[in-house]
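Structures follow.
One chain, chain A, appears in both complexes that follow, with chain B as partner in the first and chain C in the second.
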Partner chain A sequence: MPNTKRYLTTGGVGFAVGTFFLWNYPNLGLGAALLGGLVIAALCLLYSAPLPDMIKAGLIAGMFGAVMTIVYGTHKPGVAIIAGMLSGLGAGLLAFQRSPQANPKKAAILGAEAGAIAGAWTGLALFVMAFVIAPAAGISAGDFAEHLSETVILADTLGLGSDILILLFAFGFSTLTGALLGAAACAARSLPLRPNIPLLAVIALPVLLIPLIDRAGNLLLLDALIPIYIFILLALGLNIVVGYAGLLDLGYAAFFAIGAYTTAMLSSPHLGINLSFWLVIWVAAAVAAIAGLTLGAPTLPLRGDYLAIVTLGFGEIVPILFRSLGGGPPGGTLTLRFFGMPIGIEQVDLTGGNKGINPISPPHLPLIGDFEPSNKIPWYYLLIVIMGLAIFFINRLRDSRQGRAWMAMREDELAADAMGINVVRTKLLAFSMGAMFSGFGGAFYGAFIGAIFPSSFDFSVSIILLCMVILGGLGNMTGVIVGGLLIQGADKMFIPKGAELFRRIAETKARAEDTSTVGVSALQDLTQQRLLLFGIVLVVMMLVRPEGLLPNERRKAELHPDDDTINSNSVAAEAEADPSLAA
Partner chain B sequence: MAASQTPSSPQAAPLVPREPFLTKRRAFSIVGLIIFLGFFAIPIYQTILLEMWDSPRQLTQQIVIGLTKGTYIAVIALGYTLVYGILELINFAHGDLFMIGAFLSLIFISLFGLDPKTSSGITIFFSLLGILGLVMLCTAFLNAGIERFAYRPLRNAPRLAPLISAIGMSFVLQNVGIFLGDGLIWDKIADGLGSDAIGRVADAMGTQSVAPKNIPDLLPNGQVFFIPDSLKYTYKDLLVAVVSLGLLAGLYSFVRFTKLGKAIRATAQDRDAARLMGINADRTISVTFLIGGALGGAAGMIVGLYNGTALFSMGFTAGLLSFTAAVLGGIGNILGSALGGLLIGLILALSDQYIGTRWSNAVIFAILVLILLFRPTGLLGQEGGQKA
Partner chain C sequence: MAPLLQARGITKRFGGLTAVSDVSFEIEKGSIVGLIGPNGAGKTTFFNMITGLYTPSDGDMIFNGQRINGTKPSEVTKLGIGRTFQNIRLFAHMTALENVLVGQHCRMHTGLLGTLFRTPSMRAEEKAARQKAFALLEYVGLGRNSADEMAKNLPYGDQRRLEVARALATDPKLLLLDEPTAGMNPKETDALTELIYRVRDERDLTVLLIEHDMKVVMGISERVTVLDRGIKISEGLPREVQTDPKVVEAYLGTGHAAKGKGGGAPVFDKA
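Now for the complex of A and B:
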């Protein structure tokens, strides 16, 4: 078998990592950790196994659905329905990506198969949940049944009495919706339309339906989804700077902070200015864009890693500034001396210092009234509108003269200059455009959270955003969105919820054995390890697949240099793969 | 476009005429700066200068502190400068390697059971020397390993790829720091092995892995010389300065006078030409990383003992400080890094005292930006030696 080594490595690494992470939970025991490690190793092997494309697509997409079901499942089993829909859609798109079809009918069949596999796996996770994990986490059968009938909507309407029936119903429902959405997505992808309205409609359907299902089943998913979307919006802006223009910006969180602080200062009782959100969001975007210009102007001559360091510095200084421009004692004065004469400057508490600004006024719409913090649905739709507009504009921008200038500059600044591209203008526009979108994101974030603190904009935010862009694929919007969903999904949903689940299992076990619960140390708390995860993602992506999961075609060609550079390894590999080359 | 006139590679440098100093863009920035400094900042400068004038003793004390800090900043900066000189890579993980050095020294100190109250001076002295060697050895091989696995495969990749990989490694190392600082894990290991020494490590780390760790105060605290009611200069300060300067001198003579040092310089100048001359470039780069790692680890131990604490995030700030120092002195230039380190230490101490600790990072960054804009080659850097 030619790939034995690869399978052994994949499985072994999966086993080791899984066991290590699980073993760190006190009371979980080595046996449970080994079992978990085996499961993870099996999943890794499945991923590298030579299976037909549609089965593999279904398995990969379904894995996310299954993980989502398991981490949310103890209290909200109804999540399986949303997870089934999403993983079906993902499976359909992935299947098409792996084996493109020209015939819509064939594509629909392929998508339906992949989607059904994904949905079924998600549904299967619900059974694992009910019979294995929920009892281990100390949730009695009665409680679980109650959660089940509460959150699986339609179960009541259909009059399904017994729990097994509800489980079967949820299983069937997620398989069916998965298959339908997968088929629709795959068929729509195969249509040679541009713009591909049917595909957009298929993708929009679950995105727009999520809040309604969420509300009906009381799943509370939106609390996690809205921050994820905000970060995706930011990553789209960063993609302009890093992906299109090729300027590595390590201080992007600064613009996010500027947008959020502008909103907070202009629409809160803190300074006594209380403008409407609909005006402030534009002001915030404009202020962020101007900040982008002020960062861009002095750094024009810098390239590559020096630019990265200076942007990093900018990203460090801005939160320091916000932290220091306020929070002092009220009414204090700072005495300075101007040629011997003392000048008293009255200190104004601009930013609230470390305490931040709280509260920030929410948006107001005539029919809906003030957006309530408790009701996330209007927020969600508002964000969808903002994101839709942002995606539309960035898409148009990329194809415009300006976008082509960015890419030309990314490839070779000297050549671009020689071809008559105004490099100064192009760079400044890249910085300010990128900053503008994060201004929108910051404004929405400020209003949504209702309070902001300087600590929410530190270096790790910039790195997480960079990670999202790199994982998905530099310069490709679909890739950035997928990367954002994966990283932010891990950060805001899977890791915290998974950690909670593990803790619950460990506690239940400790109670059963009547040992006292040992304090959970930092390493044992998965949430502490998220930055480790992102660090590993950055290194591994650079080593294995620098073009990202969904690469931009041109970028991919650039990162995998062919004959024009002397690379004996790749030439030899090509010769091996294609004997005609060697001849 | 001034940007396009800058030489794009060191080889081409002599052929391309130097960029005139006063380009249009620079003129704009300078005028802007003068206006800004002139109108808004005069009262602040005046205040600071008057404050310095009022208390010369305080000023002298800060200068002494600054120079002491400067010596170890210079040692860390050397790690950046060596790697940048040879690979043109900002080794982002170097600051975190420094942090690992501090943690390792705490671990070894606890393993050996050193205690300022019970151990004798001679024991402490020789153990510390041994620990310094051990720490340097560990961090050297750690750094070379990182190079082997995270940077070497990217040798021919686009320039940003190794930088991003280095940022990733920096986060991985920070988490290694959290891991090393986790007393509960050490407890588990100690229970498993039944070892008292490891139990001491667990005690030193405590239960909070992200909390700052206390390193026992092993360096002598007596006054070196006595000036009535004033200047504090302890043996601790002296030791830090002596060890750091010793490392600097050792490195300088290594690179200057040995055969390997010559290979390093040749590889830094032109890797392909060096390879043609029979120098094993990969091995030379590994050696560079070994030396850089050893220096980082040594600095970690020195700082850990000097400040008495170790924290998993201490590498980030220290890394920025020393990178700025390296750039200020002229990155790629060993003497330049030493000079830059001293200057940055001085600036840091003065800004801590007169502007406020919370502004120190901002001040350092402002300096970095100014250097990169007006003299990207640094104070002692050669023309065309690097690309900004």
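Now for the complex of A and C:
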């Protein structure tokens, strides 16, 4: 097998990276780290293994469902239902991606098989939970099954008595929903429609159902999902700048901050201005867009590394500015000297300095009233609407004269200029459009959290967003969403919940052996580990798959030069290439 | 009739190097003019001064009665000068169709709001642009199935044609072709020459052509201008230029005579 070496390398690298990273996690310990490393290695191997696409897709997507079920399982076994649905959907789409089908019926069968495998994997995880992991964490299999039957409402009404029956029912349910969603997704994808409304409907279905299942099972998933979605919205905006226009922006969090602070200043008791959220979100987007222009203007002559450095500086300056606009002691004056003449300016506390602005008024709707922090459902749907609109409009931008100008500029700025594209306008438009979407994100974030602090917008935010864009695939919105779900899912769901699970196991063990629980440390500051993860992801991606998980088809060829056939003549032409334009 | 393009004492210095020195010449509307000279003679530099990529150090460039020194390249294109590049500069990771659509950018008008709300006029413009792009692809001999191919993946000869299509998409009055047959095999060269003939015959265009392949230049050009080391050394009908002793010497002097292409002497290159 010619690729054995590649598989071994991939798996080995995955294992080493996974173990090393997880071991660094204060709560996990070596055993758990090795286990996590194995999962990651298995994923890497699966991805490149010579299996039929359908099985491969099912196994990979199912792995996510299974891990989600396991890390949430002790508290919330009902997560398995959502995990089964999502992994089925993911498996269907992945299978189609790998072996496209023109015939809807064949596609549906492909999707059903992949989805069923994924759903079954997820269901299988429930048995592992019930008999291995839950008992280790101090929950008997019986309690686990009972808890499960409470969330799988149908199981309760059917009056399934025995634990095994409940587990089997949940297993079947997960497999079935997985298969159905996988089949529906694949069948929809095979339709030659543009825009593909059925496909959007199939994807929207679980996304829209999540809050309802979440409420029924009291799963509290939305607490994690909403911040994840906010970051994906930001990444979509960043993708305009970096992915479409090819301008490396390392300070994108600044626009997020500007959107959030605009909202906070205009919609809180802090300055006594309390405008409606529905107005403020537009103002925030407009202010962010103008800030994008302001940053864009001085960077116009810069390219590549130089641009990155300037944007990085901008990203650092903005939070510092918001920090220092907090003013000094009340009623204090700031003395400036203007040609030697002292001018006293009364210091106003605009931004609350380090303490930030708190509280920020929530949105208000006639029937719902004020959005409550305790009820996440309206927030979730509001965010879905914002994201839906963002995706819709970004799509339109991409498939237009403007979008083509961005891409032409990314490909070859000089040639774009010579083809009649005003490079200045095109760059500024990219900066301001990208910034605008993070303005929406910032406004929502401010209102949702209800308070903002300058520390929420530091450099690491820009880097995480960049990681999401690069992992998924520069310039491809689907890729950015997938990359965002993976990185943010790991960051906000899998790893914290996994750490919690392992802490419980350690505590249970300590109690059983009657040793002290000292040494089972509480969740510590995760920042360092997160950055480590993102750094590793970036390095590994650049080595293994520089075009991202779901590459924009247009970029794929460039990054694997050995794969494509170079016409021998072009070599001759390059030799004659003209020095003046080669730069 | 006033000439379409007029260079008056154009000079370009790069530090100590004078790449183009006091060159004056004119291009009549509707003609095809060849610009030849050994490697490094300053031909591409001259092109770059016409298209605004370089600003002349001295002299005036007049297009259609308007002085265009120092005008931005995108503005020059808008005025009606389209070009190709010596070393192909397509948008490699965009499809052939998209490349031609980008060429039409400066002739389209939809603004940001029109794009976001996909107004009827935007749809109409987009549709017309696509039709025109398909027609242009067909015109240069790239079939419909090349349209969705990434530019980078097209065969070399087709990439050259695509560059011509992209330049034509800007609706130029003056088309500048910088060594369009460079690096091509004889078959591709013949096909591209035939395309240039068609562009001249069927489109209301003026063409300025840099070419090393003398067979192409001499066959196609109505007038030929010869540069050597930045200086215009000869000008006239192809036949006159071909036998001009200064030209023969310039080409022989570079030591490329035997190689034919890429600096071959016009007189000896009968290939």
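Here is the rule we use: the second predicted complex is superposed on the first by the 483 of 583 C-alpha atoms of A that agree within 3 Å, B and C clash if a C-alpha of one lies under 4 Å from a C-alpha of the other, contacts with A are read in each partner's own complex, and residues count from 1 in each chain.
As a convention for this text, a contact is a pair of C-beta atoms (placed from the backbone, for glycine too) under 8 Å apart; a residue touches a chain by one contact, two chains touch by 3 or more.
On a predicted model such as this, the values are computed, not experimentally measured, just so you know.
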Which superposed partner A:Val13 touches (first chain B, second chain C, both, neither): neither
First (chain B), second (chain C), both or neither touched by A:Phe393: second
First, second, both or neither for A:Ile309, with chain B first and chain C second: first
Of chain B and chain C, the chain that contacts the larger number of chain A residues: B
Which of chain B and chain C A:Leu293 touches, first, second, both or neither: neither
Chain B versus chain C as contact partner of A:Arg401, first or second or both or neither: second
Partner chain in contact with A:Val423 - chain B first, chain C second, else both or neither: both
Partner chain(s) touched by A:Leu414 [first = chain B, second = chain C, both, neither]: both
First, second, both or neither for A:Pro301, with chain B first and chain C second: first
Residues on chain A lying within both footprints (that of chain B and that of chain C): 414, 417-418, 423, 558, 567
Complex contacts: residues of chain B adjacent to chain A: 1-4, 6, 8, 25, 29, 42-44, 46-47, 50, 88-90, 150, 153-154, 156-165, 167-172, 174-175, 178-179, 182-185, 207-210, 316, 320, 323, 356, 358-359, 361-362, 365-366, 368-369, 372-373, 376, 387-388
Contact set on chain C toward chain A in their complex: 44-45, 48, 51, 53, 72-74, 77-78, 83, 85-95, 98, 101-103, 105-108, 110, 112, 115-116, 118, 122, 126, 150, 152-153, 155-157, 159, 166-167, 170, 178-179, 182-185, 188, 262
Residue ranges of chain A in contact with chain B within the complex: 248, 250, 297-306, 308-310, 312-314, 316-317, 320-321, 323-324, 335-339, 343, 413-414, 417-418, 423-424, 459, 463, 466, 470, 518-519, 521-524, 528-529, 531-532, 534-540, 542-543, 546, 558-559, 561, 565, 567
Sites on chain A touched by chain C in the complex: 393, 396-397, 400-402, 404-405, 407-408, 411-412, 414-423, 429, 552-555, 557-558, 564, 567, 569-570, 572-574, 576-578, 580-582
